[in-house]
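Should a chain be cited, it is by its letter among A, B, C, D, E and F, assigned in written order, with residues numbered from 1 in that chain.
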Amino acid sequence: MTSSLLYALAGAILCGIGLFGLLWLSHLLRKLLAFNIMGSGVFLVMVGLPQHQGGPDPVPQALVLTGIVVAIAATALAVVLIRRYFHLSGMTGLEDEPASPERGPE
Amino acid sequence: MTLNAWIPVFALMTSLIASLVIFALPEKGYRLRTWVNLGAALVKLSLVVVMVWGVFQGVEYGLSFTMVPGVTFVLKADALSMMFAGLSAVLWLLTTIYAVGYLEDSPNRSRFFGFFSLCVASTMGIALAGNLFTFFLFYEMLTLSTYPLVVHRGTEKALRAGRTYVIYTLTGGAVLLLAIAWLHGVAGDLPFREGGHFMDADPDIHRSLILIFILLVAGLGVKAAIFPLHGWLPQAMVAPAPVSALLHAVAVVKAGAFGIVRVVYDIYGVEASSALGVLEPLAWLAAFTILYGSFRALSQTDLKRRLAFSTVSQVSYIILGISLFGPVAAAGGLVHLLHQGIMKITLFFCAGNYAETLGIHRIDEMDGAGRRMPGTSVAFTIGAFGMIGAPPLAGFITKWTMGSGALAANMDWVIVVLLSSSLLNAAYFLPVMHRLWFREPAGSWPEERHWGRLETSAWLFWPPLLTAVMTVMVGVLASLPFSPLSWAELIALREYSP
Amino acid sequence: MIRTLRILAITLACVAFTGMLATSIWTIAGNSDPGNLPQLLSENLDRSGVEHPVTAVLLNFRSYDTLLEIGVLVIAGIAGISMAKTASLEDPQLRTADSLLYALQRWFVPLMLVLAGYLLWAGADRPGGAFQAGAVLAATGVLLRLGGVPMEFLRPGLLLRLGLALGFTVFLLVAVASAIAGDAFLAYPPGMTKTLIVVIESVLTLSIAMVLLALFVSAPVNDAEDPEEGSSS
Amino acid sequence: MTLWLMAGLLFTPLAWAVLTLLTDFSRGRLVTWGGILVQVLVSLGLWLTVARDGGFHYGLGGWQAPLGIELRVDGLAVTFVLLTAVVASACGLHAGVYIDPDKPWHRYFWPLFWFLWSGLNVVWLGGDLFNLYVGLELISLSAVGLVALGGKANALRASLRYLLAALLGSLVYLLGVALMYGQFGTLSIAGVVSWLGVHPVPAGSGLALALMVTGLALKTALFPLHRWLPPAHGIARSPVSALLSALVVKASFYMAARLWLELGEPLGNLAAAQLVGLLGSAAVVWGSWLACRQPQLKQVVAYSSVAQIGYLFLLFPLTYSVSESVSLQAQQGITLQVISHALAKAAMFLAAGNLILSAGSNRVDALTGVSRFLPFSLFSFGLAGVSLMSLPPTGGFAAKWLLLQASLGSGQWWWILVMLIGGLLSAAYVFRIYRASFLESAGPDRFYHPARSLEVIPMILALLALGLGLASDQVLSVMALPFEEGGSP
Amino acid sequence: MMSPASVLALLAVALPLLYPAMALNAGWVRAMRFALPLLPLPALVLAVGADPGWQLELPWLLNGGLWAMDELRRLFLLLTAVLWTVAGIYAAGYLKAHHLRRFCVFWGLTLAGNLGLTVAVDIGSFYSLFALMTFAGYGLVVHEGTDEATHAGRVYLIMAVLGEMAILAGLLLASVAADSQMLADLPRAIAGSPRRDLIIALLIAGFGVKAGLPLLHFWLPLAHPVAPTPASAVLSGAMIKAGLLGWLVTLPFGEAALPGWGALMIVAGAVGAIGAAVLGVRQQQPKTVLAYSSISQMGLIVLMVGAAMADSERAPVLFSIIALYALHHGLAKGSLFLSAGITLPSGAMRRAAVWLLIALPGLSLAGLPFTSGALAKLAMKESLLEERLEFAVAGYLSPLMVAGAVATLLLVLRYLWTLNGKIETGRNPPMLVTGWLASVGVSLVAFWWMPWEVEGLVKSPEWLPAGYQLWALAWPMLIAVALAAVALLASRLVRQRSLQ
Amino acid sequence: MVEWLLDGLLVLALVVTAAAALWSAELFRAVVVFIAFGVLMAVAWVRLRAPDIALAEAAIGAGLTGVLLLDAVSHLGGKRRRAHKPGDGRQ
């Protein structure tokens, strides 16, 4: 057992926590937090697991860098969407509104 | 590929292309649409005539290519397919003429004629299909192209009927697909071949074969309206008359019956079917359907519904004929494929004429219509007598041949069925005849007849008359070389001694 | 009742998930046969044009990932600014009077710019690189923005779009240049690797910062039915 | 030549994404036409090349597999590239007319469209687990952007739901990738396969595959993870819905299928395969059932996608521990199903868009009488529906046929029932639309008549779906081309 | 090249078959009326002029058609043609404008069937034409459109359809047994068939409907009175005989002795002959009385048929006599029916002449010397002599014949009685009178020149019966007259008593 | 051993902050805790000998994401029109 493995296992736990958050929480921003936490967990596994035996491995590190950027892009986009959604509907969750028949072309 | 390979394709394409052209035409392009329709019908008819002649001479028409791995798409013209193709080509022409007149000034004609052509293309495909897979392809295409025709009126009733129709036929199609796929798994890609494939099938697969046969018949029986799968047919009567004519006489029910013929003869082989013990139950089922349909027809007050139940009964003649073991009965069944078509289309044309010209839908409104519309009524009378089996009309030839065959096959009970059916037919048709000719009309007609003018539009007048003449002709001239009977005998002979 | 059941189910699922994941990690860690990739990488490092392996992976060996990743960023940016609501960009209320923020601005901004520059420059042979630099740059921008600096160029318009696209475009052009010459897509012409990587990194830094900043700035702030979009082009 | 084609394939969509970003909608449309032309030509050229010479590996940046990213250019991949070219151009052309150019935010449609396209190509060709992840993200984010573009609250809710599902799916997939890399030390699928060829199957790596498949299944909207799909596909603009349903969900499925076919035999197990098949069946039934009950036209089509996607997952049980030929049949069947569904569903959404445009409402019962005044689009819709019902001679039928054969061949007859019931249920919802449109309404033509070009495009797609059944053998033969490891790059 | 006779045969059927086409043009309705008598002319020429033995092959027709004429058919054709001709003349005068065209159409079709079936030798065309006659006949029966007519029509139709079915089944079974489509092959095949009795039963029943076999006769007394008079004449005179012809050409006469069937037929014939008389004398309508008379007469013929079945040796001879009797009865009955429609002139002499002409054919039926009836009755008697036949019930034949003769005359008398009550005074249309006179003429006079021939019994026309025969003819008549007188007296007494 | 302790503590802190970020009653606090989580992550990356990621995490994960979310929280909390309370993060 090396510290890398420890972090990988921590990553697993973070994944679990994040997943729970994503599934259970209803506030969109909280979901977003959960997503980021889960992402961090995945990154930890990604780097920690291969480094357990082989020492520092630049490949997963590069992958994680890419992953982080993707994650921030997604997060930022999500924030924009959430904010706009909030403005238009006044809601912060995804619960279905009482169905309002949508009229008009799209 | 030679020209011969392509002729069936051309025959198929004529109506397919016609349909596409018609869809593209504007609703108001009345004249052009009519010409496209008629032109295509004529071209197709001549192609079919060429093929009939060629098949008679022994020329091979057909092409095949692999469609899905392991399965080929086969178009092939053999004697049996030419029979059906000929029927549909001739009757398409007439029905087109009729439909042009019938739908004059009604909406959605572009849609109607488009699907109409599509429907005929499917029928042609069914006729020319060279294996079960190809058959199924067109069989389902037929279902789809007839749906818009059934619901053409767009009323709630029509849509309900359409739904029933679709539920029945698609379920039947699904069962058929299952059966075909299963058969394919058991025996591979089987082309239609005279004498069939299972003459000496491995006994291990007998059980599967029997089950598959049951599934096949169940799937095809929906369209062929075999009891208890006939429920859609009377409902589909809400469709416009040319559609009913087409459904009953040419396309739909015939497709089912034709499919059963193909299965029994060209897939299983009649001897193998007989050996598997599936023919006799089929015969009983058909016989029951014949009687059942006639009984139900008795109590119908709506003319078209009565005709519909009559169809239920009549189509089973075909199945009965082929499920009796012996070439004569087979010829009787096969020839009924044509005969029933011609007679039933006559009746529906006439029913349509009454409805369109005089607004008659129920039988008790028909009093004295014979004087008002003598031509139509003569045609109706001939058709009805044909159905009853009165000589020398088409139906008589069928019954005679089939009866002879049944006796030859030592199945005397068939005679009883045939006679009872004739009696029932008489019982539900003769009162109609009486009303037509010998009752005084209850009131004045919506449109009195003027001397010197046809009783109705010429488009509507001539088709039933022509088919009535054909009803007489195919009966009277049954022994001519190219008569339906001779053709059917030829087929039956080939099937029994491939 | 249903809520309780639901939370129980979710908890159970997540615990099971974590457990399985951990077990799996443990098993893999126990039996893994270390790949030879790091070794392969170090063997090829000198052919990559940069000394820092992570940068080498990012911008040479797996540059396709990076290219696409910038694409993802651009997408996010586009989607973001398509909902932009920047009318309040010059809202005087936004201009903060907070002295702390002001001081931060005063001192931090130049510092962060320097840091960004350093990170960019260092990327070739040490930890650091375009992302980090871009992120720092963006953070600087956010700081300024919070401080109320209008940053007119962030209005949706051609300029912003050019900025968004710049890094990506340069990267793409470099990628296709060698392909036109007959080499593989994304291959660097021999001898120019390092230069090109540095150029790409520089423009990427700008673009990344721009995207992140734009996403921050364009976050909708009011409930107008239609997002206000900049004047055409 | 091949190199140029590859470079063109990869470059064009990205480049046009940038180009169109700099223009407004109308000019972007013009630019896009050019791009579509280039991209279609390139795709076609590549397809022809591969059909002639066989497939090859393409190392990006000149680096070979373990170190760099290699694309796997085989018959299947180029077929999907070509399919994408066809469907995406159709949607693009349709969108060019369909989408209102006066709304300023619509200018962003084109870049997103092109990014989506490039992401799809990445996925079809990808041979690297992480590269596929990035490709997926490219697709997901641009798709979300397209759904949300200028949308109202409902659209935003749908796109948020979509975004969260997509992100979760990606993450779960990425977690699987992490485990794979931890286990095998490589990211190349081919590398993993060759590793497995010489080593015994390691314990614990089954979860990696399971995670990847699960994540992808979420992105593909496999029952019961499908709930994000109908709102998103239903509320997006029709060309967007068409893209999403036709291609986007297929991308993740394609990856899952590829992983399963390469790694399923060593890493998977029977129960999992059957479970996935079962979920697929449930999707077929449940999705079709819901489709029958939707009051809104596009929701019907969207739920139909859920159902049709269910069929795809029958791949898993039908290729696990069965004979070579059955597996091949199943693969061919699924491939055809993917292609035909792509074509048909795109046609259907585009046609539905036309119908909605002309009826002025998204509701099914607003279609009353539309058949009389707008038969062309309705006909396209119906033709596409035929393919969805898997009736001959469509590609859907050919697919179903092969799947039936595979089910029979492997003795897993229960899938047959699923397919038959699914076919009938799909007929039920297609005919429901027909029923509504055939109902005659009294009164004059109250419909808006969309431009002919809008009507022609779905028709072409529907006809392609139809023709696919007739030409499926030819299509499949290209896919079955031998893949030469050392093929000309 | 077709022989003239075959052309004529074709023409004989085709002409009436195509004649209804005239109805298409409303302006030709007058021409249609006057064309009625012309329709059977080719057949008449054929029957009288052409020698039997010609054949007309129609290989395309149905299952292969063959038309030909032998002696038997010639007689039937003659009867048919003559009767339809005179009825046609009569009809031209008789008909009202109401539904004239319809009547003409059905007339033509029925005629075509009736003529055709006599020359048809193959099963298909025989049965076809038979059916044509049956179904077209319905049009004649219900022509008047009254409730009675409709009711009669319904009964007619039901029985006809049942009959057709029985015929169809019988012919089908026989045809399969014979493996042939020719009528000529059937008798032998039936005789040898395992289903012999079934076939015979079906055929007897099927044709029996037409021929008015007891229990299958119900339509006759209903249909004949309501049909227009000329139609009744042909119905009763010619069409009934078609059923008879059906028996003659299909049943296995001469092939096997069928004593059982023979006895059955004889019983049936007896029941018909006497039962019909009993019922008939109680009828009020003249035409109904005539209808029962037809049944009764057919009963006598059935007797002979039964005898022919029972005794295969004598069948050929009996055939000739049956044909002769049929001819005689057909003509006489036709004339009687036609007389039901005329009105009396005003002068007493004329009235007497008319009454005489009305009565003579009736008396001829009863066997009045110097009439065809005498010839026929004698020939019949001769042939059915006990000692010449070899079967069980042969002994009853002679008494039955006598009883039949009595019944015949009683019915005739009853007819005249009822007619007397109904007949009106007035002018007759000339065509009507012509037709009627022609019918009386052929029945009484022309009969003797007709080409009948009965081998062994009556070689040539004999105007005068031999002396010993006179009494044989006369005493039944006397009985009948006596009975009638008694009845008359009785009825007078009853009436007087009721008046008191 | 000290390293192990440190690593253990760090991991513990990571898990706790993650949980806290999700469960804290107030959204604002949640985001702040999340920023702390990001900083801890950066440290963890250093421990994993991944300085590049550490830098990126610090700048992006902790910094930028935090600011974005904070801004969003203040915005969403600042005004609401219907139904949801600002701090009503949990169901």
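Here is the rule we use: a contact is a pair of C-beta atoms (placed from the backbone, for glycine too) under 8 Å apart; a residue touches a chain by one contact, two chains touch by 3 or more.
Note that the structure is a prediction, hence the values are computed from the model and not measured.
Counting steps between touching chains, the shortest path from subunit C to subunit E takes 3.
Looking at subunit C and subunit F, the chains in contact with each of them are A.
Counting C-beta pairs in contact, the pair that comes out ahead of the other among C-D and B-E is C-D. Between the Cα centres of subunit A and subunit E there is a gap of 106 Å.
Chain centres here are Cα means. That of subunit A falls 25 Å from that of subunit D. Subunit B and subunit D have Cα centroids separated by 42 Å. Distance between chain centres (mean CA atoms), subunit A to subunit F: 12 Å. Annotation for subunit F: residues 52, 56, 60, 64, 68, 71-72, 75, 81, 91 touch two or more other chains. Shared interface positions of subunit E, i.e. residues touching 2 or more other chains, are not present. The full set of touching chain pairs reads A-C, A-D, A-F, B-D, B-E, C-D, C-F.
Of all residues in subunit C, only 3, 54, 119, 127-129, 131-132, 135-136, 138-139, 142, 146, 212, 215-216, 219, 221, 223 touch subunit F in the complex they form. Residues of subunit A touching subunit C in their complex: 1, 5, 8-9, 11-13, 15-17, 19-20, 23-24, 45, 49-50, 52-59, 61-63, 65-66, 68-70, 72-74, 76-77, 79-81, 83-84, 87-88.
Taken together, the subunit D residues at the contact with subunit C in this complex read 3-4, 6-7, 10-11, 14-15, 17-18, 21-24, 58-63, 66-69, 103-105, 107-108, 111-112, 115, 118-119, 122, 130-131, 134-135, 137-138, 141-142, 144-145, 148-150, 152, 175, 179, 181-186, 199, 202-205, 207-208, 489.
Listed in rising order, the residues of subunit C touching subunit A in the complex are 7, 10-11, 13-15, 17-18, 21-22, 25-26, 28-29, 32, 34-35, 37-38, 41, 53-54, 56-58, 62, 65-66, 69, 72-73, 75-77, 79-80, 83, 85, 129, 131, 135, 208, 211-212, 215-216, 218-225, 227. Against subunit A, the residues of subunit D that register as touching in their complex are 130, 133-134, 137, 141, 144-145, 148, 152-154, 156-157, 159-161, 163-164, 167-168, 171, 174-175, 177-179, 181-182, 185, 187, 235, 237-238, 295-296, 353, 356-357, 360-363.
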